[in-house]
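Below is one structure, written out as structure tokens; comments come after it.
Labels run A, B, C, D, E, F, G, H, I, J, K and L following the written order; every chain starts at residue 1.
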Amino acid sequence: MTTAFEFVEVVGVSTKSVEDAVQNAVRHVSATRGVSWFEIVSIRGRIVEPSRETEYQVTVKFGCRV
Amino acid sequence: MTTAFEFVEVVGVSTKSVEDAVQNAVRHVSATRGVSWFEIVSIRGRIVEPSRETEYQVTVKFGCRV
Amino acid sequence: MTTAFEFVEVVGVSTKSVEDAVQNAVRHVSATRGVSWFEIVSIRGRIVEPSRETEYQVTVKFGCRV
Amino acid sequence: MTTAFEFVEVVGVSTKSVEDAVQNAVRHVSATRGVSWFEIVSIRGRIVEPSRETEYQVTVKFGCRV
Amino acid sequence: MTTAFEFVEVVGVSTKSVEDAVQNAVRHVSATRGVSWFEIVSIRGRIVEPSRETEYQVTVKFGCRV
Amino acid sequence: MTTAFEFVEVVGVSTKSVEDAVQNAVRHVSATRGVSWFEIVSIRGRIVEPSRETEYQVTVKFGCRV
Amino acid sequence: MTTAFEFVEVVGVSTKSVEDAVQNAVRHVSATRGVSWFEIVSIRGRIVEPSRETEYQVTVKFGCRV
Amino acid sequence: MTTAFEFVEVVGVSTKSVEDAVQNAVRHVSATRGVSWFEIVSIRGRIVEPSRETEYQVTVKFGCRV
Amino acid sequence: MTTAFEFVEVVGVSTKSVEDAVQNAVRHVSATRGVSWFEIVSIRGRIVEPSRETEYQVTVKFGCRV
Amino acid sequence: MTTAFEFVEVVGVSTKSVEDAVQNAVRHVSATRGVSWFEIVSIRGRIVEPSRETEYQVTVKFGCRV
Amino acid sequence: MTTAFEFVEVVGVSTKSVEDAVQNAVRHVSATRGVSWFEIVSIRGRIVEPSRETEYQVTVKFGCRV
Amino acid sequence: MTTAFEFVEVVGVSTKSVEDAVQNAVRHVSATRGVSWFEIVSIRGRIVEPSRETEYQVTVKFGCRV
């Protein structure tokens, strides 16, 4: 039985959607760790100039096998 | 005039999107109650094996006519 | 000895006062359950048209004997 | 695939320990529902007279299959 | 160097998606102010009658150049 | 369909009651904006000298049509 | 100039109204200290048996001159 | 009828268990005041050197008769 | 007697100190409104390139006479 | 071994800086109690008339040996 | 003098007790870092099938020497 | 475009000021990572014996390029 998991908190960024930003965060963490579950902590963003697209910055907290 | 509403808290699940998970929660609650409004309480998730899809688990609090 | 209580969360509505909205919530819950204690979770409201009265919507969390 | 879970919030009571109070809450909810997971929301208590034992009142939020 | 930014809090509404509701809020604020960044504060909604569409009401807090 | 609402946060003051302080806040905001709904954010106060009356200072957040 | 104030947290109880419960808390603290300001922290209550009156228990945090 | 209760916040310390730390806090407060109820506010701790025991520091908020 | 105050939330920026950032926020708000009191909501910052100075971004909520 | 610490919550006031306000709070509490540690709970303030200085009111929670 | 500590957030798991789950988290972190202090962030759990034991998942935040 | 940032939470310590404690945290994190932004999470402290200086322990959350 696994008796401990470690948390990693990452910001995923995307100009497409909240879900795409989460995917970027998942991809980053999965490259070096085994992701068990996650929780969205906050959804922030900004207006990118000069294209005026909306960039989503989604903070995601991951529970990882260690 | 209605003088009271009751809250129900439900987790909707979907591998498509946050909105689809909310729809599954709405569908579940609407089957037995009249939904007046709702609020997203938290957005959690996990990586489904072996397809490696992202499953969204969205906790939604519903205000229902009673 | 009672070893468990169940929570019910209800919105009481009134155009008179916060206390009257709580009474409406108490009346609703007491009809089907034994109320032991409660806590006010939030006080919201709206302006009713065309009378322009203030309607209080008080969310109350009840601890009930089960 | 299950697409929805429902939350139930219960207070478990015990004069033995926090874990025993959680067990009483689990026992109460399991009698009528399938418990998937839970979270401790608050740990309160009081001094029982005349024995002067400490009674723990643990509020537990359960995610249940529906 | 800019030494001060002002916050504006707006609810964007949409029956399409959370992102579309954010776009409506961005559009409203951008009409009169220069948006620097934003944060989603809450995601609420209701069921629109008689179409039974889900309407998203997303509260967004904007940091604006002043 | 209205696609955006703006928030205004105001402190209403009264030595009579919490409800009267809310009315003073409603009156102030309604003079220049269309109030749709509100939420009480905090209830503070002080003892007025030399009358020793209790003054209620109720912070209210208003959602307004824009 | 006063350079320090001390906080005292008290529960005022009343079967009449929230404001009357606050008055009972003010009266208690004022007997031994100089109250400068206060904030309502929570509003709880219970149903008194056998009269079935609603008893309000209002937790108030006082800033006092020391 | 008692119309006011006062809060006291205390940290109980123990290397045995969370419940034993609560008992130490109860014993300290009961020596000078009548405890009516309590709530655990936070559970912190440290590793004691050189024994490497875990010391629990449990912050408990007490409601006391005054 | 003033019966209403309005809140304004502003970010003050400075590379000197938290207090200097608050001063910049005060200066901005005072130019157009009468400030009665304020509260620091959050203290954020960034490392300015290429000087590598620390820039403080202090969010301040102001209560203003209206 | 000390098995209990008591909390005291104090507002320190200063027109110089946040740290000077903390010092005033430390000085006040140390006069009658042994301070072990502290935490800043909130930083509020006001504009003093007619000097227009900024007065900081820093709420500090102290853990004290008892 | 040490001028910086780093936080690590870990979930300890146990079917025995909350304290045993904390011990598993301490053991995991101590293997690679020097633990100075910790705080329990949340206590969650699930019912293990088919034994129907209660598994505690305790999230602990550790302050570590670096 | 960078699509992910990682959070690191560090306590900076100083007997001079809050800003100096933040600098110690920045120096520690910058030694091994590229800091993009930060947020102060809490300001705690203790009285150092026998000098009776105030030691500030500032918890800072850093967003880092990865």
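Criterion: a contact is a pair of C-beta atoms (placed from the backbone, for glycine too) under 8 Å apart; a residue touches a chain by one contact, two chains touch by 3 or more.
What you see is a predicted model; the values in this text were computed from it and never measured.
Peer 1: Taking B-D as the reference interface, which entry in A-E, A-B or E-I shares over half of its contact pairs by residue number?
Peer 2: When the contact pairs of B-D are compared with those in A-E, A-B or E-I, E-I matches.
Peer 1: Quick one: report the Å distance separating chain D from chain I, using the average Cα coordinate of each chain.
Peer 2: 44
Peer 1: Between chain G and chain I, tell me the centre distance in angstrom, where each centre is the average of that chain's C-alpha atoms.
Peer 2: 32
Peer 1: What positions in chain D touch 2 or more of the other chains?
Peer 2: 17-18
Peer 1: What's the complete list of touching chain pairs for this entry?
Peer 2: Touch list across chains, by label: A-B, A-E, A-K, A-L, B-C, B-D, B-E, C-D, C-F, C-G, D-H, D-K, E-F, E-I, F-G, F-I, G-H, G-J, H-J, H-K, I-J, I-L, J-L, K-L.
Peer 1: Mind pulling up the chain I residues that touch chain J in the complex?
Peer 2: Touch residues, chain I against chain J: 17-19, 22-23, 26, 30, 35-40.
Peer 1: Quick check on the complex: what are the chain E residues that touch chain I?
Peer 2: Per the stated touch rule, the residues are 1-7, 63, 66.
Peer 1: Touching chain K in the complex: which residues of chain L?
Peer 2: Its residues touching chain K are 8-14, 24-25, 27-28, 59.
Peer 1: State the interface residues of chain K toward chain D in the complex, per the touch definition above.
Peer 2: 17-18, 42-47, 54, 56
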